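After this come two complexes, each holding chain A, first together with chain B and then together with chain C.
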Partner chain A sequence: MTTALNTLFITAEGTRLNKEGECVVVTVQDQKKAEVPLRHLRSVVCLTRAWLTPELMESCLEAGIHVSFFGMTGRFLARVEGVPGGNVLLRRQQYRAADDIARSVAISRALVVGKLGNARQFVLHARRDAAPERQEALSETARRLSEHLRALTRVEDLEQVRGLEGIAARDYFESFPALLKKSAQGFEFDGRNRRPPRNPLNAMLSFGYALLAQDCAGALAGVGLDPAVGFLHEDRPGRLSLALDLMEEFRAPVVDRLVFSLVNRGQLKPGDFRTESAGAVLLKDDARKTFLVAYQEAKQVGVRHAFLGQETTWGMAPHLQSLLLARHLRGELDGYPPFAMR
Partner chain B sequence: MTVLICYDVRVSDPQGPRRLRKIARACRDHGVRVQYSVFECVLEPKDWVVLRARLLGAFDSECDSLRFYFLSEDDARKTEHHGARAPLDVEGPLVL
Partner chain C sequence: MSADCETWVALSALQHLLYCERQAALIHVERQWREDVNTASGRLLHERVDLPGHDARVGRRVERAVLLGSQRLRVSGRADMVEYQRDAKGAGWRPYPVEVKRGRRKAGEADRVQLCAQALCLEEMHGVDVPEGALFYGVEHKRAAVRFDAELRQRTEDAIARMHEVLRRQEVPVVVRAPRCDGCSLEPLCLPGVTAGQRSAQDFLTRWMDEAG
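And now, the complex of A and B:
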């Protein structure tokens, strides 16, 4: 399983992908760029218009490799996957749990506990390296997140869980200016905005979350769950609600951490972004490449899975959490154990 | 596991080019070509069984040779490459 987790990102205009033997051959402007054995891949992500041969598409679907397509602005368009994995019995359990208010509340609460706990850890980690004047703001955020975590144990219905999650998210985003080093100029943050993101930080967050959502959807589909039927997120046509649920635990430690380290280390500068006439801020092509490389590297970083008691990587974590969720839905685990980082 | 595979095939033999192609194809399906007759393959044990059988079935023990070097993670890290055709790191970020 571990050798087959890589993602092939296509970012160059005019890329053609075809199959030779058991390999994907990547050709850009009639020049052969790479040959990747299919067995190393878990997904192919096309961030630009790419051309795939039907033979390759067939092999990807047979090998369980997901192919996803994003629009030129980074908007998610479609994902192609083969026959769903797992079995229908598990999916029925999932639907029943989603219809059962009490179980939905329990799972949603666990997801939010994971989210807030990891956000708090991320803020505390950042505080260690922060300048003294920023430390206070970060401590305050961590304290508020602890309060919300305590409040969570008392909420009884789904609306309250969602409400609390919203309040906590706002408090957490308020700490974002304090996460920026002084050297990181031109990355002002005045709150989260999306559709379209209106400043560079929001543009990176949106792009990172879109990638993470696809990884989570792939992980869920891999164990046979339906990524579209969630607990915390309501059903909505075209939305991968369960993928968004699963993603909550990983937003802060994977995407937010990555975004702030790129900015604070000066790997991305305000000049790496461009503004469209409608006010949407987008990453320029080179910046997008830098971001993708950093994202893939962030997934290689090791982390300890406290519940399973084993070393793993951030890239593996959504797969492990999907397995644990499936076990819970099957009734083998009393509750869903969220991923808790230290 | 990482296996470094090297081969020599006698191409002057009438069946030589055919065997060479077969061996190269088997290696390419499982790994990355680092030089003309040298491949690095990162494999699950079950894939190694398949690849090894394919290679041993394709070569002619009378006139060809096959060498397998099993690399530890540490050995792989100690590898240097200089010059043209730097091979693709199939486990690293693949952004093209």
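And now, the complex of A and C:
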């Protein structure tokens, strides 16, 4: 898996996708916009109504390319995928592990180690470039995250793991104002809010996490795991709990890092967001496109996989982590090693 | 026993098995598959050959993408190409399997075993002897004839039996990293360096928590 597996995002109304040879051809209003080789694709994400030929759909399903559809308001509708990868035996192992308290605690703890470890690393990276008056706040956050990491070694049940994760998340979000450069005016942050997000930073976080969750769900399904049955996140109807579990370790290094770099570099400004009458804040169409392009680029960035000791990309990382989780559930690995940002 | 309880071995699995038992189990038990440049170009080559239908010359008939199976051995799959040659005695058509391979001739017996398994299927389906077939190598653009002697037949039946055993156990054997792993398209899914206790996730986690502390 040396290539970065790409996502093709469809944002323009009236887009038509068809297959020519081994390529997807993208046409908007009868104008050819792009041609992408099928084997470079991992998924096609339709963020607006799009038209795919049955022939292309068949090729995508055969090649293991997921096609997902979002409603006009950005609500996730469906992901179409071919014959499920993997094997019913692996899914049975997954369900058994989810029912086994000791194993669930061990996996959940590993997931939270990944989440806190990477959040801490992200904050430390940001501190290097921060103005002196903000460095102290960021050091304090890193220190608290270390403390929570140490405390994780002592937790014994799932409630304690979840409780610690909640406290750590609050401490981490408290550092967000200190992550903003002075130049980034109009991006106040007074805590994480969602459903709906009520300021631009939260709008970007929600959008980014939604994309990441779909990438993680696709990666899990690709190795044959059931994205709905998680360890850290309890089962809830309609929730992709294992995808939420897997994305914990990637929230800070992929989405949060992206959001702050867009804001701090001035690529997105307060004027790129609109506020609905009830207070929900959403990205305007052009801003959404800017965000998607930046997200795609972030996935191409190379990174070293600390456990495997090999180079990969942020886009490939969820696939490798899904494999490692499957290997652990199958008993070939003595634990789940989360992805470590260095 | 109802028919649905039976396990069948895919003709293509024999090649995987002879390459590496873990690879065969990953593909056929765990259902892992990944297309890379090699398998894609192999597939394109096959698509050209695989077109169902037949073309004819005098005394010869060619069928492509032929579905084959042996009830006795419980093995089934598709042959790239079967040539039917008019029997010298005029007693009908003798099948002659031809398997198309990307690349060049390989040292192992995997290709010959896969072809021989096709011959065993053809013998059972047509009730005739199939003494010979051929392998066609894309790079060399040449055919190599293969005689189905008693020894090759035995090795083929052994391989089929071994694949049945892999499917019955439903376990993916752990294999230590070997030189052949470098040429394996499944290496990124197999992670041969990680399994078999060669790396510990527990140690990794402990180190990480210590470093952050």
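In the analysis below, the second predicted complex is superposed on the first by the 338 of 342 C-alpha atoms of A that agree within 3 Å, B and C clash if a C-alpha of one lies under 4 Å from a C-alpha of the other, contacts with A are read in each partner's own complex, and residues count from 1 in each chain.
In this section, a residue touches a chain if its C-beta (ideal position, glycine included) is under 8 Å from a C-beta of that chain, and two chains touch if they have at least 3 such contacts.
Nothing here was measured: the structure is a model prediction, and the numbers come from that model.
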Which of chain B and chain C A:150 touches, first, second, both or neither: second
Chain B versus chain C as contact partner of A:173, first or second or both or neither: neither
Chain B versus chain C as contact partner of A:308, first or second or both or neither: second
First, second, both or neither for A:336, with chain B first and chain C second: second
Touching partner for A:39 - first (chain B), second (chain C), both, neither: both
Residues of chain A touched, compared between chain B and chain C (which is higher): C
Touched partner set for A:11, first chain B, second chain C, both or neither: first
Residues of chain A at both interfaces, chain B in one complex, chain C in the other: 22, 39
Chain B - residues contacting chain A, complex: 25, 28-33, 42-44, 47, 88, 90-96
Complex interface listing, chain C residues touching chain A: 29-35, 37, 40, 44, 170, 172, 174, 188-189, 191, 193-197, 199-202, 204-205, 208-209, 212-213
Chain C partner contacts - residues on chain A that touch it in the complex: 1-2, 22, 39, 63-64, 85-87, 89-90, 110, 113, 116-117, 120, 145-146, 149-150, 152-153, 223-224, 306-309, 323-324, 327-328, 330, 332-338, 340
Parts of chain A lying in touch with chain B, wherever the complex brings them together: 3-4, 6-12, 15, 20-23, 26, 28, 33-37, 39-40, 289, 292-293, 295-297
